[in-house]
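You will see two complexes here that share chain A, one where it goes with chain B and one where it goes with chain C.
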Partner chain A sequence: MSTLTSPISTSSRSTSFPFPSIYSFPPFFTRQPNSQTWTSQLSLWNSLILAYCRYNRIWRIDLNTAIEWDLFNNRDISRSLKLETCKEVLDSMVKKGDAEWVSGSGSQVSKNTSAIIYWRRPEEWANIIADWIDSTGQKNTILTLYEIAEGDLSLSQDFRGIDPTILRKALDVLIRRGQAQIMKSADGEEAGVKFFGSQ
Partner chain B sequence: MAMRRGVGLAAFDKHQRTAQQYSDLGSTILQTHISELTDQLLTFQAALKKFAQSHADEIRSDPVFRSEFVKMCSAIGVDPLASSSANKKGSFWAELLGSDVNDFFFELAVRIIEICRRTRDVNGGLMLVEDVKGRINSVPGRPPVSQEDIVRAVNTLAPLGHGFGIVRLANKDFIRSVPQELSRDQAVAIEATQAMGYISVPILRDNLTWETARCIAVLDDLVASGLVWVDEQARPKEYWTPSWIRQ
Partner chain C sequence: MRLWNPIDLTAAYRPVLFIDETDILVQNSVGLYEGRVRLSGYQNGRLYLTSHRICYVDVASPLTNSVAINLPDVKTIQYTARFLKSSPKITIHFADTLSAASSPISPSSSVNGTPQSPSPNESTVSLPNLTNFGALSLKQSTSGLISLISWICPICSHSNNLPSNYRPNVSLIPPCTVCGVKPPESVIQDALAESGANEMTESLASDDSSSISSGVEQEGLACPKCTFLNNSSMRYCEICGARLPTTAFNPSDYVLDKNLPRRESYLPFKMGGSAESSRNGLQEELPTLVKISFRNGGDKAFYDKTKEVLTERTWLKNLARAKQAEQTITITKNPVTEPIQQRPITPSFGIHGLQRMVERERMHNQDLMSSLDDLHSLMTKAKDMVSLAEGFAIRLASSPGVPDEARRALRESSQALSLSSPIVTKEMAGGGSDQIYYGELARQLAEFLDSGVLKSEGGIATLFDVFALYNRARGISLISPKDLYSACSVFEELGLPFKMRRFKSGLTVVQEALKNDDITIRSLVDWVKAAEKKPSGEENGVTAQDVRQHFGWSVGVCVEELETAQDQGKLCSDIVVEGTRYFVNAIADVSWDWKYEIFKEVEERECLDAREPTKVHPEVSNDNPGQSMEQVISSPHITGGSA
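Coming up: the complex of A and B.
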């Protein structure tokens, strides 16, 4: 669970994120009543969230805590996005495939507050991981998911610290392509993954 | 004396002859004039062509030079962009410069349309020429364009109908890319946004001495047209022009 976003560290890291000019536009934090304006506002929020998460290497957003991040609060102009509007934004990202709702870490967390953010799609992660396997000569070796995300060889990689759910989706892509196979231990647990490299 | 006075029947003949001679002389002079003018015009056109061709690069790449060149053409009554020529070959300009400068403005017009189309949902189809210029010039590897170029390019779109045009509000040129015309109240309200970026019911009421109902009506109209964005976290609500979003 160490890979789950910890809001404290991310909010401190996020201060250097270069916010776009729209972030200083006060009405950006009010859901626009005009439907066309709202559509464009949604897509601006979508891009901002993706850029912010990519910059800060955030894999998941839990709205219960994220609502306090500077992403949704511009303290310079005292404007913040309402929780219900945040949900609408994430909903729209989910529809576009840029995010996916997940059940929160607590068991009784209300639905649709926690989402995986795909600042890269699983297919893209799959390609990046496959290239990394090739270039580091790890073909035909067995790696644990932890080694991929946190091992010494992935230190400078873009997928460093990747959320296990996203990693698993990327691996599924590679498995479908016949480039990887999940290895199970004697007790049936998934122990690691073997890569065959691209044909 | 009698001869000089030209009295008698013969005088009529002579008078006619004289008139004929004058007329002939007149048309000869006129002809000479026309051919001289034609010569001059041809010489001038050749000179202009030569000038334009030898400076085509500068005309295309230097906004100041281009502007001066266009001014020079206008001064002597040549509209470089007159495209509705009866001449099948296209405009005088196109003929003169081949595919150079004429295309420059049409290509620019296409880029402007593209920018206006892409930003229409954000700004309701009203965009500062300055902002369009900023976007165009932010693309590296292209010669810079001036606001004057943009206005000129937009004006070439006039024959396409009422979709595109330049609107002047608060001493700034805007490109309007939706057919809908601004009402007088809307135009005045948009002008007012240029001072601080936003307007509100009290701002309109106090500065324009409008009734509250009239202020509300025009603000609602502007929101409905997508021309302003509402900030409900301000007290009272503020209505912001998207041209305030700086890149």
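Coming up: the complex of A and C.
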């Protein structure tokens, strides 16, 4: 993986993502006109994006930059996915619940260019975080959101560096389950989260 | 000599023309009559007027019910305009030899005509042989096809014959042949009853019928009421109107007929007037005649043209020319057929051979020069040019050492030079409906395509290509694209082995009717499967160009076929700047379990690590902050997600 195409500079994987064989099939990068073929092409792209993001620990895709990644560019066969096709793929992922559009600065133009990729659903993250709280004995303590994502204790965790939006959604799940509670500071800002033991 | 002659048909059911014969006019929806009798099975067909013949091609069963009248046999033609319900007709009277042969009264003339007179079982029977064998054959030809039951039209008092296939209460009542008005059913029933009664009495007297008939023929029939000596052909007394004993009619003969082998010839039988006349000596003044009924107009034009052709008598000229041509052909053929192995350049021997060769060369040069004088003379000489080209082709084909390319070029050029049959023009349809013209055009197109043109186009040709190829072959009086389109759209209607097909994009092609899309697509996909893997250095996949090279279709057709296959999900495309490449659809049937395939290793490790979770975690959290990402991922805590 060249540094140019590296999606995240922090990733220090020694081996690059093992692309499946379909990735070397030139028509895979062309939007197929036949609807049936297109459906299976979409699901293949869906899987590929999820796998790639998980492998490289990518939380969001911003299409303006992501279109340059080797995920969408096979330089060996010099094929690349077009931006509009890429959007269609993400659209279908959003429909399936594997991704979610995030409105960047709120303007219409930047809408639908950036998406959160749920290579794990918020519910799954909630379970993982709850387990982690359990096993590290942090029940009934108050943690800031930053501590969960970037703290020393979460260094080896899967959710290390988790996107705040995803983390918030995962915490919402825990709150609904009654396993956590958001603590607000005096000025009304969310300061931290308190975990209760899971029953 | 006979009235009806068999004809050969092309694959498109057009008559095969003789050398020098040309098509002049076509008319559809015509029926044939012999004398006054409708010939069943010959009532809906196309009529072709050529320079030599009038050909009838039946629509329903063209292979069996198609006949021709040779124009040289025709004496005169007569035109009958539409009258009430009866369609306009052209009556064809045949030349004397014919009528003489069929006329029973003048044995001498039939003897004179013996060289031409037919074998006994042919349609026209000479009566002098009306002893056992002749009589049998005569009845054989009339048997079963015509009943001699007649009825009198209450409107015009014309005596009509009931059609052979008439079944009481089942068939429609036939209209009067003269005024076209249908009689009330009672008239027919009366006639049937009457004839039934007569047959009974006649069959009783059948023993000596033959002797009676021969006697009566000479003397006429005495009326049982008033004793007037009627002509033997009369069925009712001319004076008092009483029914005459019809001794000529003998039902027992019909029984006998059934045991005889039926004539398997596909010519209509000589029936009605002539058969009867030969028996009864009737219609001496009315020789054999044939009527053609025009149910769909075009009668007048046909009549005029036929008249023209008859006065021109082109066959006589052509006969002379054909003889000439034969001579030249034998000359040109000599060098070809004679052994070329010796020395291909000198086919004949000695000075005489050289002379002949020079002479021949000179003739060819003359042909070439004179034909290039102006276009018109080229067109008139076209036929000679083609035969010359064919001569060259034969010579080329039989001589070794000629490059294939030259051979192919010559073949193609001679193919493009002219059509095998005279061109179909709008005039041929006689100014009638366009439908006739398009039908004929479609037939000729089919013949043209069938002659290898479509094959060289890979079995599918765009309408543009067909237009260009066909018009080039026509040479003169080109057809318009609209004509071509209309002609092609009736292919299937006419049962021709081609069809027009429109692709999704609107591209229209002509292809063999048998090749349906599925077969084409399947062969295409099979080929793509084998061809998409290219040697290293080249891009995989096939382009429309590759398809064109393999299948011989034009590029437009290739693209359409590829896209059709793609629409069916059999192929998928790879669109890049350089063009579109096609692959067998591997996308549709690939399933990829990414979680397993990529993170399989992870899950295995998870299982191992899960055994000693307490050990791992303190390590991870305290001592090893700079752990690599692999280890991060392999931590047991993702179990909840991936398990």
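Everything below uses one rule, namely that the second predicted complex is superposed on the first by the 180 of 199 C-alpha atoms of A that agree within 3 Å, B and C clash if a C-alpha of one lies under 4 Å from a C-alpha of the other, contacts with A are read in each partner's own complex, and residues count from 1 in each chain.
As a working rule, contacts are C-beta pairs under 8 Å (C-beta built on N, C-alpha and C of every residue); 3 or more make two chains touch, one makes a residue touch a chain.
Since the model is a prediction, treat every value here as computed from it, not as a measurement.
Partners chain B and chain C clash in the overlay (superposition on chain A). In the superposition on chain A, A:Lys87 makes contact with neither chain B nor chain C.
Applying the stated contact rule after C-alpha superposition, one finds that A:Arg79 touches each of chain B and chain C.
With both structures placed on the common chain, the touch criterion links A:Thr37 to chain B and to chain C.
Touch criterion not met for A:Arg168: it reaches neither chain B nor chain C.
After overlaying the two complexes on the shared chain, residue contacts for A:Phe25 are found with chain B and with chain C alike.
By the touch criterion defined above, A:Lys139 reaches neither chain B nor chain C. Residue contacts after overlaying the shared chain place A:Glu124 against chain C, while chain B stays out of touching range. When the two structures are aligned on the shared chain, A:Arg177 is found in touch with neither chain B nor chain C.
Comparing chain B with chain C, the partner in contact with more residues of chain A is C. In the superposition on the C-alpha atoms of chain A, the part of chain A touched by chain B in one complex and by chain C in the other spans residues 22, 25-30, 32-34, 36-37, 40-41, 44, 79. Against chain C, in their complex, chain A makes its touches with residues 11-14, 17-18, 20, 22, 25-30, 32-34, 36-37, 40-41, 44, 47-48, 50-51, 54-55, 57, 79, 120, 124-125, 127-128, 131-132, 135-136, 152-153, 155-158, 160.
For chain A in complex with chain B, the touching residues are 21-22, 25-30, 32-34, 36-37, 39-41, 44, 78-80.
Considering their complex, residues 539-541, 566-569, 572-576, 581, 583, 585-590, 592, 594-595, 597-599, 613, 617, 620-621, 624-625, 627-633, 635, 637-638, 640-641 of chain C touch chain A. Taken in their complex, chain B has these residues touching chain A: 120-122, 124, 198, 223-226, 229-234, 238-240, 242, 244-247.
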